[in-house]
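Next come the structures, one after another.
What follows is a pair of complexes built around chain A, which joins chain B in one and chain C in the other.
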Partner chain A sequence: MKVAASIKNFLLSLAGFAAILLIWQLGVSFTSVGNLLPSPWAVAVRFVTMCTNTVGRKYTLPMHLLVSLRRVLIGFGLSAASGIVIGIAMGRSDLIRAIVRPLFELVRPIPGVAWIPMAIVWFGIGETAKIFIIFIGGFVNIVVNTFSGSRQVDENILNAAYMLGANKVQAFFKIVIPSCVPYIFSGLQVGLSTSWMAVLAAEMVSATEGVGWIITAGQQNADMPQILAGIIAIAVTGLALASLMRLLERVLCRWRVRGS
Partner chain B sequence: MSTYKKRQFRLRIVSLLSILVFLAVWYVCTAVLRLAPAYSLPDPITVFQSFVTKLSSRVPDGATLPQHIWESFKIAMAGYLMGVVIGVPLGIAMGWVSWVEKIVRPVFDFLKPIPPIALIPVMITLFGIGIESKACIIFFSTVIPSIVNSYSGIKQTSQIHLWVARTFGASNLQQLFTVAIPSALPMIFAGLRVAMGVSWMGLVAAELMGATRGIGYMISTARNLLRADIIIVGLLTLGFIGIVISLVFDLIEIKFVRGGK
Partner chain C sequence: MSEEIKVKVEHLTKSFGDLLVLDDISFEVKKGEFLCIVGPTGCGKTTFLNSLCKLYDIDSGSITMNGKPIDLKRDDIAYIFQEYSTMSWLTVEENIRYGLKIKHCGEALMRERVENVMEMVGLTKYRNYYPRQLSASMLQRVVIARAFAVEPQLLLMDEPYGQLDLQLKYHLEDELINLWRKTGTTVIFITHNIEEAVYLSNRILVLTNKPTKVKESIENPLPRPRKVSAPEFVEIRERVTELIKWW
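So, the complex of A and B:
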C-alpha cells in the first residue's frame, strides 16, 4: 500500500516534470520565447558535450564542479570547525559571550556576498579570497545555530549529572554536546547551502575556472545553452550536497530527526 | 544591587570594553604600526570620516550614500513585495488544495534547488542591468522561501483542530481562514524573514555584477579604485540596514503574530 502510494507519487512528479519540459519545448518552437531561450533539447545536448569536451581552457564540466566543490569543502570545513567552537563557547560561558557577541553582531547582518570586494582587496583574486568568502558565508549561520542550541541545554539534566558525580568535562561531552547536535546540524545545513551560493558569487566576480565561471563565461559569449546547462549542474550539485548533509544528520542524531 | 544584577552589569562593561579594545587594536595596527597599507585596511577614524563625507559627496561613484541606499531599498522592496504577494497565497493554496499541490509541486521542485545568484547572468541577458533584472532576481529569491514556509505551515495544522472545526460545522473556507492560516502564521512569518535575508544577499550580488547605482555598486566601484574605506563604509551600512530590518520584523511579529505579547 505504502509502496504503491510512493510509486504513484513518483510517477506523478515525473509526469509534472515531463509537462514542464513539454511546455518549454512548445514555447520555444511556436512562440517568440525561442528568440530568448534555447530549447530543452539543445540544453541537454550542450550538457552532454560539456561533460566530454573542455569548457574554457582546460576543464570539462565535471572538473569545473570538482574545483568549486574543493573550494566549498575547504571554506565550509574551516567555518564549521571554528563556528561550532565559538558558538558553544559563547553559549556556555557568560564571559566569552560578553566579549565575542558585540563583535559577532557587527559581522552577522552583513550578507556574505558583500565581502567579495573586500576579500579581493585583501587577498587578491586567488584561492584565498574565494575561501574567505565561503568561510564568512557558512560561519555566521553555524555560530548562530550552535549558540542557540547550547543555550537550550536542559539545566535539569545537567544538574542531575552533577549530582551523580559527573565532572565538568564529562557533563560537557555527555550532555551539552549531544543536546546541541540537532541545532548544530541545522546550522551546518543552512551554512552549506549558503557556502554553495557564496562560491558561485565569488567565481562569478573573478575566476578562471569553476561552475560560477561557466555561467559568467556563457553570459559574456551570449551563450544561453551554456548558462542553462551550468545552472542545471549547480542545482543538481546543491541538491546532492543538501541530501548528503541530511543523510549524515540521520545517521549521527537518530534520536531526534527534524521534520521528515 | 543583587549579585545577579552586579554580574550582568559587569558583563555589560566587558562587552563595551571588547568593542573598544577591538577599535584600539585596529587603530594601533593601521595608523600607528602601519601593518597594512591604507588601500587595503584604513584606520577606523578614516573610515568614519569617509562615512561622513559620503553622506553628502558624490565622489567617486556618482551618488551619495543615501541615494545608493534608497536605490537598493527601492529595488529590494519591489522584488520582495512581489515575491511575498505571489508566494504566500500560492504556498497556502498548495498546502490546502490537493490539485493545486499536484500541479505546482513539480514546477516548484524543479526551481527550488537553483540558487538565485546563478540566475543573475540569465536575467542580465534577458532584461539588461536595469531595475527589472534585479527585481526578478529578488522576486525569485523571495518567492521560494515564502512558498516553502506557507506550504509547510498549512501542512502542519493540527488535524484535531480541523476535526473540531468540522464537527461544529465550519465550511472548508472557514476552516482555512479561522484554523489553518492562524496556526500557520508563525511559520509564514519565519519564511518572510528568511526571504528578506536571501533577497538582500541576491540584491547585493546583482549589484556587484551589473549596476549603475546601489550599495553593491558603490562597494565594487570602491574596489576598482582601491578605496577600502568606502568598502568598509558600505559593509557597515549593509549591516546596519540588516539590523533595522530585523527590528522592524520583531515589531511586526510581536504585534500581529504573538498578539501583542
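So, the complex of A and C:
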C-alpha cells in the first residue's frame, strides 16, 4: 500500500515536470517567449556540454559545484556549531539570554546580502569573505530554532529525571539536548538552504569559480543556456542537500516517525 | 506494613508571594504505607507534593525521610506527575532503564529489574516501541514501570490517572496495588477522587481549603480486593466526602 502510494506520488511529480517542459517548449516554439528563453533541449545540451568541457578558466560544471559546495559546507558547519551552542545557551540560561538576545534581535533582521560590502572590507575578496557571508546566512535560522526548542523542554520530564537522581549535567545531555534535536534539525534545514542562497550571492559579487560565478558570467555574455544550466545545477544540488538532511533527521529522530 | 516512620513532615509552611498555600502542616508516613491525600480542588495538593520532594523551596518547617532531611541524590524517590513524562526519544525499554542508568546499576541488575517491571505492567512485547506509538494507558504504565524499576523507598504520585477513562483507571489502579504489594514501597498518592482514595489507600489524609492544613487522618483497614459497593467502603467514602465539603 505504502509502495503503491510512493509510486503514484513519483509518477504525479514526473507528470508535473513533463507539463512544465511541454509548456516551456510550446512557448518557445510558437510565441515570442523564444526570443527571451532557449528551448529545454538547448539547455539540456548545454548542461551536458558544461559537465564535460571547462566553463571559464579551468573547471567543468561539476567542479564548479564542488567549489561552491566546499564553501557552503565550511560556512554552514561553522554556523551550525555556533548557532546550536548559542541557541541552547540563550534558551537555558537567563543570564546569557539577557546579555545576548537583544544583540541577536538587532542582527536578526539584517539580510545576509547586506553583509557583503562589510565582508569585503573586513576580509577582502578571498575565501574568508565568502565563508563569512554563508555563515551569516545560516546562523540566524539555526539560533532561532534551537533557542525555541530549548525553551520548550518539557519541565515534567526534566523534573522526572531529577527525581530519578539525574544531576544538572546528566539532565542537560540526556533530556535538554534530545528534546531540542527536532528543532535543531528544522533550523539546520532552513539554515542549509539560506547558506546555499548566500554562496550564490557571495560568488556573484566576487569569484572566478563556483556556480554563482557561472550564472554571473552567463549574464555578462548574454548566454542564456549557461545561466539556465547553472540554475538547474543549483536547484538539483539544493534538493540533494535538503534530501540528505531529511534522511539524517529520519535516522537520528526515528522516534518522531509514526509507525516506524 | 512496619511501624517504622518513613517520612516525617513538621510545621511545613509554603507561600507564593502573599498567598499562604500550606499552613503549618505536620504528619507522618509509615514505611510501606499507601497514603492518599485528598482535598478541595486548588487547595495546594500538588504544591505540597512538590515541596515534599524539593521541587519547591519551603518557607519553614522540615521534611525528613528515615530521620534525615530529604536528599534526592541519596534517597530513592520517584515521582509520577499528572502529565505523561515519558521521554519521546527513548523506546519503552530505554525509558524504563533511564533511572537505573542514572544510578549506574550494573547491566545484569538493570536487565533483571527492567524485565520484571515490564512483565508486571504488561509492556514486554512493546519494549521497542516509542511513546508516540503507545496509547494513553500504556504511556502511564511506562512511567509507573520506570518509577518502580528503581525500587524507590518513596513513590509520589500526583493524580496520575486523572486523564484516563474509567476502565483504564480501574485497570491501572489494580496494577499499582499489585506493584505496591510486591515491592513494599511507601506511596503518597494525591487525588481529588474520593472513591479512588478509598480504593487504594491504607490511610487518607484530608486537607482543608487554602491556607491548607491537615483536617483529619482516616485509617482505611478494608481488606483487599476492595468492592466499591461494600457498605464499609461506602461508609468511609461518605465520611471523607463530608470532611472535604467546604460549603
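Please note the rule applied: the second predicted complex is superposed on the first by the 247 of 260 C-alpha atoms of A that agree within 3 Å, B and C clash if a C-alpha of one lies under 4 Å from a C-alpha of the other, contacts with A are read in each partner's own complex, and residues count from 1 in each chain.
Everything below uses one rule, namely that contacts are C-beta pairs under 8 Å (C-beta built on N, C-alpha and C of every residue); 3 or more make two chains touch, one makes a residue touch a chain.
None of the values given here were measured: they were computed from a predicted structure.
Colleague: Between chain B and chain C, which makes contact with more of the residues in chain A?
Modeller: B
Colleague: Could you tell me if A:Q219 is touching chain B, chain C, both of them or neither one (first, second, both, neither)?
Modeller: first
Colleague: Taking the superposition on A as described, I'd like to know which of chain B and chain C A:I231 touches: first, second, both or neither.
Modeller: Once the two structures are laid over each other on A, A:I231 reaches chain B alone.
Colleague: With the two structures laid over each other on chain A, which partner does A:L247 touch: chain B (first), chain C (second), both, or neither?
Modeller: Neither: A:L247 stays clear of chain B and chain C.
Colleague: So in the superposed three-chain picture, is A:V48 touching just chain B, just chain C, both, or none of them (first/second/both/neither)?
Modeller: Neither partner.
Colleague: Answer with first, second, both or neither: which of chain B and chain C does A:A166 touch in the superposed model?
Modeller: So A:A166 only meets chain C here.
Colleague: Mind working out whether A:V33 is in touch with chain B, chain C, both or neither, as first, second, both or neither?
Modeller: neither
Colleague: Jot down the residues of chain A that show up as touching in both complexes, chain B in one and chain C in the other.
Modeller: Common to the two interfaces on chain A: residues 259.
Colleague: What residues on chain B touch chain A, complex-wise?
Modeller: Spelled out, the residues of chain B in touch with chain A are 7, 11-12, 14-16, 18-19, 22, 39-41, 102-103, 105-107, 109-110, 113-122, 124-126, 152, 197, 200-201, 204-205, 208-209, 215-216, 219-220, 222-223, 226, 228, 231-232, 234-236, 238-243, 246.
Colleague: For the complex, give me every residue of chain A touching chain B.
Modeller: Going by the criterion above, the answer is residues 12-13, 15-17, 19-20, 36, 94-95, 97-103, 106-118, 120-122, 193, 196-197, 200-201, 204-205, 212, 215-216, 218-219, 222, 224, 227-228, 230-231, 234-236, 238-239, 242, 259.
Colleague: Under the touch definition given earlier, write down the residues of chain A that touch chain C in their complex.
Modeller: Against chain C, the touching part of chain A is residues 154, 156-157, 159-167, 170, 174-175, 178-179, 181, 253-256, 258-259.
Colleague: What does chain C use to touch chain A in their complex?
Modeller: Listed in rising order, the residues are 53, 55, 72-73, 76-79, 81, 83-91, 98-99, 102-103, 130-133, 143, 146, 150, 156.
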